[in-house]
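Common to both upcoming complexes is chain A, partnered first by chain B, then by chain C.
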Partner chain A sequence: MSRLLPVFGAAWLLSMTIGCAATPANSPLRGTGDLGIVIERASGSVQVVDTTRRTRLASIAGLGDLSHASAVYSRDGRYAYVFGRDGGLSKVDLLAGRIAHRIVQGGNSIGGAISQDGRLVVAQNYEPGGIKAFDADTLELLADIPSTYGTEGKRSKVVGLADLPGNRFAYALFDAGEIWVVDLADPRKPGITRFKDIGLQPYDGLVTPDGRYYLAGLFGEDGVAMIDLWRPELGTRRILDGYGRGEEKLPVYKMPHLRGWAVAGRNAYLPAIGRHEVLVVDTDTWQEVRRIAVKGQPVFVMARPDGRQVWVNFAFPDNSWVQVIDTLSGSISTSLEPGKAVLHLEFTPRGENVWISSRDDHRVAIYDTASFALLGQLPADSPSGIFFAARAARIGF
Partner chain B sequence: MSRLLPVFGAAWLLSMTIGCAATPANSPLRGTGDLGIVIERASGSVQVVDTTRRTRLASIAGLGDLSHASAVYSRDGRYAYVFGRDGGLSKVDLLAGRIAHRIVQGGNSIGGAISQDGRLVVAQNYEPGGIKAFDADTLELLADIPSTYGTEGKRSKVVGLADLPGNRFAYALFDAGEIWVVDLADPRKPGITRFKDIGLQPYDGLVTPDGRYYLAGLFGEDGVAMIDLWRPELGTRRILDGYGRGEEKLPVYKMPHLRGWAVAGRNAYLPAIGRHEVLVVDTDTWQEVRRIAVKGQPVFVMARPDGRQVWVNFAFPDNSWVQVIDTLSGSISTSLEPGKAVLHLEFTPRGENVWISSRDDHRVAIYDTASFALLGQLPADSPSGIFFAARAARIGF
Partner chain C sequence: MESPLLARATVLLAVLAGSPVHAREPVEPRRSEIVRMVRHDCGSCHGLTLQGGLGPALTPAALAGRPLDSLVSTILLGRPGTAMPGWARFLDESEARWVVTRLAEGFPREVAQGERAR
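Let's turn to the complex of A and B:
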């Protein structure tokens, strides 16, 4: 993997002396609103991509174990914070095409979030269980909050971390069956609110795009635990009791990602666990209103930004397919086969295109979401997650 | 007004020779996600601001008549397209701190929009009535669509231009009482759909944040005309027949801006015309559900990005005030007096702060939206509109 932007050599040294030190020699001045990264899980690298020209700008290696990696963005869109499976937290400079800073902050980690004001980056850890908050500039540790539960001092795996308005974060404790809401207005003095007995084995969580409802899917029993964060005094509520592995305990080939839940108009679309179905839920009543039959076990269920379409990918053996649901008719508009082992998809900020990673075909396919035309493909080394810089401006991403 | 970034001199010439030509000498590499502009209407200039450090980065003069000016952003966030009242269209480079390109495209203009894919910038004109579409890179004219109506070849003033998914645009014809939806997938061959007899004198319009509903407020009669753009075959529908100047024909000190309509959760909040009220409308039924008494005639009614708060400013003589509605309780949380002649407000992308312009106190005040604390003030020359670069990623802005 070569870097696009050489930062050493004569040009660099010369530029130091004339005051454009911060700009590598062949880096043009450019905005960051159309940048993004593609995770290359096998090689521990990320590609920096341009969604306007649909090109690769740089490849950056040395990020450790990137299986199941995810990323959040600095407020200015310049830096991606990449959370590796091995507890690595890398601050990647998209403009300079290099790692600005990197720490190993845990032993077994599964993602993170960034505060509303962009000052705190928070990692959620399986081992040792808990969350850690870091200064977004320096990656200095500011808060270490173990997920201790019960009477024996055990620590739970943490899942479903989501940022909330007001520099707060919500997450679920898989082993404890709890949801915690942590206020990090002063990260040195975290304020923790614990919601206990929310159900068995919450395995992932999300906050609705308005930051109001936190939902944790349960693996140990049927259903979803929900908190109305505008009215936390009401505690948790159980919804969708028919949700989950249900009566038959179906084999589950790959756990769906709740972060992929789509809210389109008044309805939420979510992957059924183990079933070849997408569930449609009315977010006013939180009742299930419909099930849509799909090709396989859904993994990501993601709304185009305008909510007119919901795109779905699948677990093995249907993982070469993507299906598109028309939310007006409730039926499948089209089925596409972008490549082998489709792991993730990401819409451009206003939704005109979607980028889809095919791990085993080593490429990212780019589609027009109106015509479903294939616009282009970029080679990538076992690509998984795709994360665009416009996430910096969104709540709960 | 001085530019922040000198682009001439020895350093510049030297840099030309070593390959960092595109970067002015003292311009550090930086992201654009936290940039914005403040319109200085009296001096025909804009300030470039940084919402992270809450500072001014540059001031750029020479933009013509900026009364009632508005702006949209390039896909990458680097350029603001500023639409002046005099028909001027200026492409402002936020990173270089200068005007990249400027044309005078009409005689009397009132705003514009940018296509979903970022390739087309469209201006709406009073005189000569119609819209014009320009190449976003070069500002080359690609389409000129006169707003001709009736049998005598008259041209209507155009208002309420909004971008829609699929490089389409919707707008209203004030004099004709029509709404047009134009498909500019091929700007050389525009596809125009006309909705006639929508009501008297549509004075402004907006599209809902999901791009689904286009609404035009009527000045000549009570009510709002609405089109479900997902089902255009249904034609226009009249809603809110009690809306508008109503029974008493109240004096109207300043027309409210529909673009400021706020959609929070299931409800939309909109300024009553002439009344000291904000109307709450259920976007599922499009029925009015409540009216909230406020301090004056509302002008902008804007939701914080998470929808928990709606901020309102007012026409003269109450235009030194801003009020905040708590959308959960439906009551006023607080009343602030940011300065004389408050003209506009803009939330930071994830809503932790709001920037408020006070024309007659020549400053922009920055508030924390959780505590309502004043975080800072920036001097500005008769500031009016404030537009942050994160608008690049939104539909209908």
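Let's turn to the complex of A and C:
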């Protein structure tokens, strides 16, 4: 017995060490399919959350300025790449509950994307304007593509970066009114295709879930620029042209955000700019189907994964509201007030729940999407973006 | 309902009338509300740290040499042709003037949640 004790002791110590290092929840093995992160914008931290047990697993500080932050996931769903406002790119290990790697890659950043094969992480920057591609393992810089336009060597702010099939990426140049499609099959030799004169002030973009169409929403005029990526030789096409019908725009106190979540069934649901409406466009014909009056300037217009509902939040000062559109009837099913300053929402992978961040009430509210019942709330410090690991498997996320 | 044009003219008059640079400090809790609004709602374009984003930086260095009156009217009326809307619905002229004055000096930090009684 006395000879066995040291062995047991060593084994116990070893298991404790591994247990502590491996997961914040002290469970030795688990997947990440039901995990995610919540950005705490004012404190530069993220929470790792479990969407099955609706709990916080870890809180991770030291991610810099997260006042505008977004995240993409490694293809194994273990790591979140968090892009901060200050150009920080942090690789967060959800299982270990810590930052695995972190660099500061730009001066003023807005977000990023990950390649189809998961090997490249790409950041889109306001300052200096352009994109940069990094090795997803080491965060080594592989490509630096300035968004230079015009004749004076100016660089545009980059918005709307989306991953495309074939390790390509599409993005829009806010100041230049251009869309660029970059082929990073060999990141050391990027192939750039420029689409010029796509419209004034593209503010964000999205790729449809099938990877075929890239859409850039325009702020400076009423309409959306669209490229059929299967037939790029056709150039850009304007859809929803002149949707404002010449009426004076209402003030926009926060820019809307676009991503592949806009598509529900065969229709895309897009925020109007300066109108309190959601515009519905048929993705076969690209004709407007209908427009739906809502409470305010839409910011996120997000389809539940099955496309049966579309949830909408709003810019200041209507940002305590969330409205749910019934996609069959095109009417509002319900209006909720989840808290003050709702900044973001995220569906669980199959859409039975939605998590909604309330910046000024410092909490995340979790709703059942069928009954609209409030299932629970988690405290968080000025929460903004919520990003679940299931994004790892989706084109355009 | 006031027409937007009339509202604009009224605000513009108020701006012009208030030109002696005098920014009365708003009293609590309004002061904290304004600080939070600037940091978070203005910050959605200008950045929480006001270093700029889609909108330009609002740091003392970036604002150096800019006439305060024109900044006040930008806040209240917006800048046509850009993404900057007018905020006259949410800030009165003296509040906008206080915001501009404080921006030029270095805007107050928000009291972080951890420092508040929970």
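In this section, the second predicted complex is superposed on the first by the 364 of 397 C-alpha atoms of A that agree within 3 Å, B and C clash if a C-alpha of one lies under 4 Å from a C-alpha of the other, contacts with A are read in each partner's own complex, and residues count from 1 in each chain.
Methods note: a contact is a pair of C-beta atoms (placed from the backbone, for glycine too) under 8 Å apart; a residue touches a chain by one contact, two chains touch by 3 or more.
Being a predicted model, the structure only gives us computed values, none of them experimental.
In the superposition on chain A, A:A341 contacts chain C only, with no contact to chain B. With both complexes superposed, B is the one of chain B and chain C in contact with more chain A residues. In the superposition on chain A, A:D117 contacts chain B only, with no contact to chain C. Applying the stated contact rule after C-alpha superposition, one finds that A:P232 touches neither chain B nor chain C. Residue contacts after overlaying the shared chain place A:G242 against neither chain B nor chain C. Once the two complexes are laid over each other on the shared chain, residue contacts for A:A390 go to chain B alone; chain C is not touched.
Legend: residue contacts after superposition of the two complexes on their common chain; A:Y126 is shown touching chain C, with no touch to chain B. The touching residues of chain C, counted against chain A in their complex, run 4, 36, 40-41, 43-45, 47-49, 51-54, 78, 83, 85-86, 89-90, 110, 112-114. The residues of chain A lying in touch with chain C in their complex are 41-43, 65, 67-68, 85-86, 108, 110, 126-127, 157, 159, 174, 201, 203, 219, 248, 251-255, 316-317, 341, 359-360, 362, 381-382.
Put simply, chain B touches chain A in their complex at residues 11, 14-15, 18-20, 22-35, 51-52, 73-79, 94-96, 116-118, 165-167, 210-212, 230-231, 264-266, 284, 305-308, 328, 349-352, 370, 389-390, 392-395.
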